[in-house]
Structure formats: C-alpha cells, structure tokens
Amino acid sequence: MNLLEVDAVTHRYRARPARPVLEQVSLVVRPRELVSLVGESGCGKTTLGRLVAGLERPSSGHVRFNGRDIWSLRGRSAKKWRLSVQLVHQDPYASLNPGLSIGSTLGAGLVHNKLAQRRNLHEHLLGLLRQVGLEATPEFLRRFPHQLSGGQRQRVAIARAISVRPSLLVADEVTSMLDVSMRVAILDLLRSFSEDRGVASLFISHDLGVVRYFSRGGRILVMFYGTLVEQGPTEEVVARPKHPYTYLLLEAVPVPNPTLARERAATRPPAALEGGPASTGCAYSNRCPFAEARCRQDKPPSVEVSPGHQVACHFPERVPPPSTAHGNCQSPGPLPTGPAVARVGFEPSRATEPQ
Amino acid sequence: MRDRLYGLKMFCKDLWRLSKHDKGALAGGCVVVVYCLVAVIGPYVARVGGVANPADAYLPPSLSHPLGTGPLGQDVLAELVVGTRPIMEVGVLAAVMTVSVGVVVGLVSGYLGGFADSVLMRATDVALTVPGLALVIVIAGVVRTSSPVVLAAILSVTGWAGLARAVRSQALSLRSTEFVEAAKQQALPLRNIVGRQLLPNVGPYVAIHFLLDVTGAIYAEVALFLLGVAPMSGTNWGTMIYLAMGQGALFTTKSMLYLFSPMAAIVVLQVALVFFTRVLDAVFNPRLRAQ
Amino acid sequence: MIKVDNLTVSFGPVRAVESVSLDVQAGDIYAIVGESGCGKSTLAYALLGIVPPPGRVTAGEVRWKGKSLSHMSKSELKHMRGAEVAMVFQAAMNAFSPVITIGAHLDHALEAHPDVFPRRRDGQEYFRHLLELVRLDPERTWRAYESQLSGGMKQRVAIALALALKPSVVVLDEPTTALDVLNQRLVIDILADLHSSLGVTVIFVTHDLALVAELAGKVAVMYAGRLVEAGTVDEVFDERGRRHPYVSALTAAIPSVVGAASAVRPVPGEVPNLAQLPPGCRFSPRCAFAEDICWVEEPDLVPDRSGHLVACHVANRLVGVVSEK
C-alpha cells in the first residue's frame, strides 16, 4: 500500500479564489521512498507540502495516508497520523521558539507523547543530538536558538521532527537558507533516515542540483504553477527530460564549471524565465519555446514516455537532451524553429505578479 | 525541576547584570524593594493609634516626629510606614487579577479564534467602553467592604480589557509562526502551546503591564479612599489625605507636610516602578540575556 | 580602481579580515568567495569604508583610484558612496520601505546626490532605462509598492537603484542567495549584460561557487579572514592545476546537475572560531592533505607566472612554486 496518496487535489486561497494554487494534483509516495518536488518559487510546492503534512485542508480532493483520508481521522488514529508525518520548515530562524532552550524544544514532543520517561529524557535527548550530528552535551541543550548557526538550527529542527518517529518527512526547502558547503551534510542526514529508520521523504526545493543529489535512487516530480508537468526516476528525468519546463530548469541552473557555463550561455533555450501560468490550455504554453496553437487550447494529457516516467506535454519528443547530461559539454542539438519560438533572449514578463 | 531552578537562577543573574548598566532601573528597583520591606515589617515597627491629642496638631518636624504630626497629633512618619501595607497589598492583588484575566482571555481568544474569540472580544469591548474609574467608584460605594481581596477585585473590573486586546493580537501573530506550527505537529496539547510557546513570547509585555497596573491600581485605590467611598477604618495613605481634607488641611500651611507626605510616598513608588520596567524588557529577551 | 593593501579589520580582539590585499581593475567582474563568517561581507563593507562598529580598520588601507579612504574628507566619502561606488546589500529585497513607491526610492537617492543628475527628470529617465535593462516593466515598477513585487523582482530593482547614480563600481553582497534557480539565472544574465553595456566594474561577494563560475572573471577566495587563493576564474576552477585544498573541497561539496551525483562529498569539520584560531594554516584541521608544516606555519600567498596566488604549503611545493623566504 502507498504510504501517501494525493488524489486530484485542487487548492485555492480564500484571498484569491480565481486562480487555484494547485490544480488536480495527484502523486504517490511509497514507504521508505525518496521523492523530490521541484519548481520555481510561487509554483505551489510549499502549499502542497503543507497539505501533505495536514497543516491545511485541501479545497477539493483527498490526501490519504496508509489508505485513509487524513481529514476523516479521529481520536487515537488522528493522533497516530499526526506524529507520522512531520514537516521541517525552510527557515531555521523561525522554526525554533526563541524563548525556549534547545532541550525544552526537543523534549516537549517526547514527553507529551510518552516517547521517553522523565528519568531517561536527558539521555534520550543527547542521543537525538548525536543522531543529527550535533555536539551531544548538556551544555548544548541549555543553549537558545540565537546562539546556534543556521545549519545547527536546521539540525535541531530535523531532530525534533524525527524524535516522534514519523514515517514520512516533508522537508520544505530545508537547505535553501544554508551555505552551499553545508547543504550536502544535511542532505546526507535526511537520506540516512530512509535507510536506517525506514522514513520516506518528500523533499521540496527549487534547486535541481540539490534535488538530484537527494533523491538519487528515488523520484523527481516537476511542478509548474499548480500542475505536475513531469515525474519519474531521478536519473532518468535529469538525463532525459521530456517536458520543456524541466529542460529549461536544467539549462538555466548555474553550474560550478566556468567552461561549461560559457558554452551553455550560447545555447540556452529562449524560454521565458518568469511569468505566471496561462489561463487556457497548457499552463506552460505562454512561456514554452516549443508551444503551438494546440498547446494554448487543450490541456495536455499525461503520457508515459518510459517506465515510471510521465510527462504532461503535447510534444515531448521535441525536447532535446540537455547540455548537462553526464557532465559532458555536449551541445543540445538544433533548436526548434517553429512559428511559436520567441525572439532570443527574454520574453516580456508579467511583472508585478505578487509571490 | 532542576531545569526550572536553573532557569530562575539565570533569570535573576541576568536581571542583576542588566540593572547594573541602567542606573535608573537599578534605582527604581531598589526603591521598590524598600517599599516592599516597609510594607511587610512596617506595622511591627511603627505604632499608630492611641489617644488623639489635637493640641499636638501639625507640629513641625523634630527628632521624635521626623515628618511632623497630623491633625490629631499622630506621627506622620509612623502613619506613612503603617499605611504602606494596605495600599501595596491591594495594588499588587489588583494587578495580579487584571493581568491574569487579561492574559488568559487574550491568549485563548487569539489562539482559538472563532466563536470563543467573538464572545470574549465582545466582553472586552464592553469592559473597554464603560468608564472604568466611575464604575469602580459606584461599585465600591455599593459594596462596602473591608476585605483587600474584594477591593482588588473591584479595582480590576475593567482594567484587564486593554491587556486582553494587546495579548490577543500577539497571540494572533504568534499562532501562525513556524515554531507554533511545529508544536502542533508534535501533537502538543493546548495548555502547552498556550503556556510554553505563546506565553514566554508575550512575557515582556505582560510583565511591564503588570507593574504599570500596580501603579494604576494604587491611584484608583487612593482615589476611592479620598472620595470616602472605601472603608475608612485603618491607616493608609488614602485615609491620611481624606482625613487631612476633612480636617481643613487645605486652609493652613502648617499641614503641608502631612498632606504631601502620602502624596510623595505614592508618587515616589510609581516613579520607581516605571523606572524599573526599563530593565524588564531586556531581561525577557533571550538575545540580550546571553553574553 | 580599488586597491586593498594588507587590510585588517578587527572587531575587538577578533580579526574578521586579516592582511588581505587585492586589486580590482576597471571593467573586472570580481568575485569574493567564502563560507559564512569568513569575513567576506566585512571586506565588502570595508571597500566602501562602512564597516559597522565595533569593527574598525586596524591595519592596511583601501584605496579608491589611488586615494586612501582614511585620507578622504567626509564630503568626498559621501560623494564616493552611491555616485562612484554603489552597494547592493544582502537581502536587498528587504531593504525597501513598504509605504512608498519604487519611484520614491529613486527620488530619495537622486536628492542625496544632486550633482549626478541636476535635472530630476534626467535621473528618472535613466532609471527607467535601467529598469528595462534588468528586464522589468519600467512604468509598472516605478509606480509599484514593494509588496506588489516578488523577491526576485525586488532584487533586480535594488540593482537598478544601485546603478541609478551612474557609479563606476557596484558591489553586491550575496546577490543570488534567497532567490530560486530561475531568478538566479536572471540576475546572472542581467549582471553580465549590465557589465558589458554600461561598462561598470562589478564586485560581488558570495558563498555560491556556481554563481562565481557563471559570472566572475577574477576570483578571490577567503577562509577564516584570510585570502587563500586569488586568480582568474579558470585558474581557480582548474581541477588539474595548482589549487588550495579548500577550493577543491568546496567544489566537491556542491550537489549539481552535472557530474556524478555520488562524487559529492561534504567538507569535513566546521569553520573555525575566529577567536580561537588553530596555529599554522587555518584550514589544516579540515584539510585532507595537511602535513607537519601546515600545523605550525601559516602559508603565504605565492604567485605563479600568470599571477595566480595560492596560500598552501603542499600545493605550492607539489607544483614547484616556492615562496621567497
């Protein structure tokens, strides 16, 4: 049975009922699986994460955990579910109560859920610190959040999340506010939970590099303004993307290699880097360099281009191999010259779209 | 348990350290402590009552009467000292009641929202619109009591409303913070969320409000005594002024000391309390506490 | 244009920047790279002479076009900051006042430096041109309030505002942190465009090596307050050339869409506490190549023929470059 099922969820904010933040989104996470959700800021991925964690209720559709709709649970099963799914926030500076010591923050969940007795609470807390790679000393437990670095705070937040023994972790941009050199350690830590404790993870990020590292062996879901446009095994999607948006993301992401950077600059696709979704047809049609009339009228169906690899696009075959595949500096092949290709460079954006 | 004591010890240490930097706050704190001491031991040290001797009325200051005498020949200083306890008792009690009600109403209302919020806020609105002091005077006049607790309760009948409003807005902004969300995710009970997550974050505001409430309660209390609405038995600063007015103190300059002494006592206490609040803001902010 | 000569900036006993020398020529795109706490932001502030107290310059100097900042008068400094050297601060998107329009922000800047655009209207027109260069709708943006713009847009407005007074140098502190990937790409492209079309010298401070690879021409790498490597971007990223181990470790610690995902390794250990520095080379506790001399003696920056500087005993020895000692 699937651990998590998101079933045709559509979600709107009361403040802006006209445009849904999520539209008919469906996805599945299996036990112990590593799944990444990637997309630009404002695309709804954080909202989806919050719906999965039960922090908000979807306007329509269902979120099911172990087969049961989470909003239909009551009493003991509701409490059990509540501890089974934990969300770790993006901002390590806001996710810890500034007025409570680390020990208090970490201990609260353990004590109230009877996961540790008072007499061995201290030991348990030290063990928790050890598991997330922090210094396991009583002195550390007495510190306050403002005395810790961003990376340390994030580890504390992760410790808090795993202390209640969840089966699913939702990590919302947990590395975005950390130094680049710190990210790998946090990602390794989260990955280790899958192996050691059988915890599945839904990792949300805008950074394809981070996502590729995190969910290798798992799956990637690509989201564009409320719709899942591509999903499949990580390496497959990164090496052979079949949606123009995924292709754009791969071509646009900065890489730490100056030679490659220069070559890519010459062959980057003329796709718009910003702008909200189109209101009719395919949501991406207003920014897509391969778009045609059909794209603007009909919503594309989801097609399976290879086992486990699905794409919502009318013309997935048009997407060339990205220049980043296998780290080679290969040029991406001839660019499309259909009538819909915009002028090279930038498309006028719909400026002043609030995030 | 050890953690709580440790926390208290650190709190006092930080309070002391921060006070040292702020002379005004330190002075204020010392004065408040002196007043508290006087309130506690005063009645055992000074003696009032005894036979009234109008012949000794309004004597100038001397060794046996450092602040002179009152209209009935009693020692002003003794009266001042003895009169401290009733005033402060009621003042502190009233502030405790005001703050307790205000904080609970504010936190529950702000965090839970919905129906509870509407009901509590309507009650708060009423308490805010009714003229507080007038209501207090009327109630005091009707309920003639000599119990300090009841008097304190009367004094706080509308005072909690302003605090409730402010605490509610704090609770509203806090409930959507990420650490409160994290607490919810850990299935922490309501009392923990309100008590451990929300309360420490409204702490500074509440503490300062508490001290200012004490000053407000004292003023209101003295007003009651001055107007003769509160019980006239016993000696306190309010009755001193009341007596003085009644005994024609306004018509002679010799009574100046008698009239001004209780007033000065009140004013000095109020100022000290206000000065002391300066350091409270800093001590409640963990960022400023460590190193 | 800007020459930093043996600069040391101290915060009490702690030296956030120690004996740093670098040379920014006109037209460079210069990157200063390092992790949090390495002193790079402090260095950036020192370039404009705005190190916040209690920090002070305790040794060395910064020279703007040959003239030392400490010898400049208040009015000269005021003119320099904004009109000649502009700065875009970290999280610039948070630096907007929510109660005035973007246009009003520009007006304030123009008022502060009336000599740049004697006629207000010229300044406003130039700003509109800049808004186009940063790929925003000039009219809409001019009238907008900060809450109506996304984080990425605000970052670009901040860049436009910095350039509004026609400075010859613009310093950016972490220009792409807090932006998503596509916005990062936009900012990189825009900065490259601005550099080529306006001829402005760009100095930026970051911890993101990918940003450096994409944008910079010259790179200076800082670690724990000291400069450990400086050279062109190709030299610094050349895996087979002479490199500081910190730079190699840092590059290997970046998860990316290129290269083998399994080859990524975190940098072991932690950034040292500047108040308790290890003796010898500051990076030695985390260095895979540390030898005995590294624990004892702090390495000097040694140039090779093309001017590429590396401060590492092992790297310099292996390639046969010897320091003049």
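So that you can tell them apart, the chains are marked A, B and C in the order they are listed, and the count of residues begins at 1 in each.
As a working rule, contacts are C-beta pairs under 8 Å (C-beta built on N, C-alpha and C of every residue); 3 or more make two chains touch, one makes a residue touch a chain.
Being a predicted model, the structure only gives us computed values, none of them experimental.
**Q** What's the contact topology between the chains, one of line, ring, star, complete, other?
**A** Contact map by chain: line.
**Q** For the pairs A-B and A-C, output the one whose chains share more C-beta pairs in contact.
**A** Result of the comparison of A-B and A-C: A-C.
**Q** Could you grab the centroid distance between subunit B and subunit C? Build each centroid from C-alpha atoms only and quote it in angstrom.
**A** Each chain reduced to its C-alpha mean, subunit B and subunit C end up 55 Å apart.
**Q** Please compute the C-alpha centroid of subunit A, do the same for subunit B, then give the distance between them in whole Å.
**A** Those two chain centres are 53 Å apart.
**Q** Using mean CA coordinates as chain centres, what's the subunit A-subunit C distance in Å?
**A** 30
**Q** What are the residues of subunit C that contact at least two other chains?
**A** There are none in subunit C.
**Q** Considering the complex alone, what residue numbers of subunit B touch subunit A?
**A** 3, 6, 177-189, 192, 196-197, 200-201, 203, 286-287, 290
**Q** Sort out for me which residues of subunit C touch subunit A in the complex.
**A** Result: residues 35-36, 135-137, 140-141, 144, 147-153, 176, 178-186, 188, 207-214, 233-234, 237, 250-251, 253-262, 264-267 of subunit C touch subunit A.
**Q** Quick check on the complex: what are the subunit A residues that touch subunit B?
**A** Interface residues on the subunit A side: 53, 55, 79, 82-83, 85-87, 89, 91, 94-100, 103-105, 108-109, 112-113, 142, 144, 146-147, 157, 160-161, 164.
**Q** Of all residues in subunit A, which touch subunit C in the complex?
**A** Residues 40-42, 149-150, 176-177, 179-185, 187-188, 206-210, 212-214, 216, 235, 238, 248-250, 252-261, 273-274, 322, 324, 327, 346, 348-349, 351-355 of subunit A touch subunit C in their complex.
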